[in-house]
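Handing you this structure, nothing more for now.
To keep things simple, chains are lettered A, B, C and D as they appear, and every chain counts its residues starting from 1.
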Amino acid sequence: MIKKKSEEPALIDRTTLQVRFSEVDAMQIVWHGEYIRYFEDGRESFGRNFGITYMDVFNSGYTIPMVEINCQYKFPLKIDDRAIVETRFINSDAAKIIFEYSVFRESDNLLVATGRSVQVFLNEDFELELVSPDFFVEWKKKWNIIR
Amino acid sequence: MIKKKSEEPALIDRTTLQVRFSEVDAMQIVWHGEYIRYFEDGRESFGRNFGITYMDVFNSGYTIPMVEINCQYKFPLKIDDRAIVETRFINSDAAKIIFEYSVFRESDNLLVATGRSVQVFLNEDFELELVSPDFFVEWKKKWNIIR
Amino acid sequence: MIKKKSEEPALIDRTTLQVRFSEVDAMQIVWHGEYIRYFEDGRESFGRNFGITYMDVFNSGYTIPMVEINCQYKFPLKIDDRAIVETRFINSDAAKIIFEYSVFRESDNLLVATGRSVQVFLNEDFELELVSPDFFVEWKKKWNIIR
Amino acid sequence: MIKKKSEEPALIDRTTLQVRFSEVDAMQIVWHGEYIRYFEDGRESFGRNFGITYMDVFNSGYTIPMVEINCQYKFPLKIDDRAIVETRFINSDAAKIIFEYSVFRESDNLLVATGRSVQVFLNEDFELELVSPDFFVEWKKKWNIIR
């Protein structure tokens, strides 16, 4: 798989989390599927800090299902570790919400995982929106992502 | 805590499941919280077999949030184990749905956990129903739980 | 079920958490099983603050599997809510670790759930310890729970 | 991201699963992270059917952490749906275990998601193996994947 070179992020959020006992698997490392939750933690922290939470979107008349997610694992997190999730908003001309993620071990800033997610907009009739909804365009303007 | 002697179950369902790798914790045993999902597996299997799934209830105009759940752990399940969840409907005069659960290791029928859950009825205005909804009374009659 | 009156807690920890999107179920409320994780969040915060984490216990030669857990649900948490988990250590003469939990909605301190968990000690041969291990007795003395 | 054309699968497993109530999110569809568990269900079913479970690998002296996973979502699964997970072993000359996944809605065989995972071998000293372990080569020969 050839990964497209990441574009310049328009906005960046960083949030920290504590590894939970229940997230550790039989190999004594965080189960790989938990990073999908960590990315969600990052995305939700981003939403709260930049005014674009799931409920903000929902109240504008849209839902934003995931259409693609991926994760690359570099180094395992273990019990008692704390992690930093960096969430970067990647602007796109398409009617999509694209985030890239980097997860770092807090103690030494070691990069432990990276990822990327793509969401689309469904309107209240669950139809795919082919152009970015007005509220999303306004949000981008507010944060100087577009003019 | 003094546990009330279990009443006679009115209907019984049994379903089997396979322990998943991701359910095992750092102690190499199934994480205790996963049994709450196993009980849900049992409750949903019961619902499919006796015609009272979450969607059946929802389409009758009600939701049935949990108000109490408990679990007693007797013996750990491990990776590669299969388990049988026995779900027993306990009739009550109150407007409640009460289930009791027994989880057995499939290989030798060892009892590994027991539990009990209590759900109530909320109507479409999210108000607590103090008497059993008609659809629930009819369901009990259909299965000869009440006359 | 008749619940034994709670004993006086010996030590208390309070930690806050953010409800995650993935924790909300089809009823638009936090899925009941997630509170078992919230209790674990509380127990782990307690462990870090009072020097008795899972790894502290493990390094003393013991594991502490759950033998009983229960949860009573008073009011639902929803998306975007924050919650406070209060974890109270209940001293026991038996070789058990007993915690009681109260979960509050942060915005108005509404009590949303309560619970209790009981753990036992297994030694390195996975045998049940019938008397409290020395490290646990020392830990209690350090915090003036016993003399 | 440009996805490499999938190679011919060497072995294929199909397993079915029932969507659980707790897997559905606030959008009334299966939460995207649950598909990572569905892929694991597929991988474990594959392992049981072709004699290469996690414990088989572990007993050969290796662990096989995930180094990359991705998922593309085509159509949402909902409550009460059943799904088929097709897991395809993709042979590689590298010391890697590669699987591709297709998830179908059982009722009409609609393709709802696809994915791919890559695992590597760590020996008992947690060092990365650069060539395929003997047991893995033997396993491939047994199934006529290599000569």
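Operating definition for what follows: a contact is a pair of C-beta atoms (placed from the backbone, for glycine too) under 8 Å apart; a residue touches a chain by one contact, two chains touch by 3 or more.
For clarity, every value in this text was computed on a predicted model and none was experimentally measured.
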item	value
Farthest-lying chain, centroid of Cα atoms versus that of chain D	C
Rigid-body rotation angle, chain D and chain B, from Cα fit (steps of 5°)	180
Chain pair, A-C or A-D, that carries the greater number of C-beta contacts	A-D
Centre-of-Cα separation between chain C and chain A, whole angstrom	30
Between chain A and chain D, centroid-to-centroid distance (C-alpha), Å	23
For chain D, residues that touch 2 or more chains besides their own	21-22, 26, 33, 37, 40, 54, 79
Touching residues (chain side chain D, partner chain B) in the complex	18, 20-22, 37, 40-41, 44, 53-55, 79-80
Sites on chain B touched by chain C in the complex	1-4, 26-27, 29, 32-33, 36-37, 40, 54, 63, 65-73, 76, 116
In the complex with chain A, residue positions of chain B that touch it	21-22, 24-26, 28, 31, 33, 79
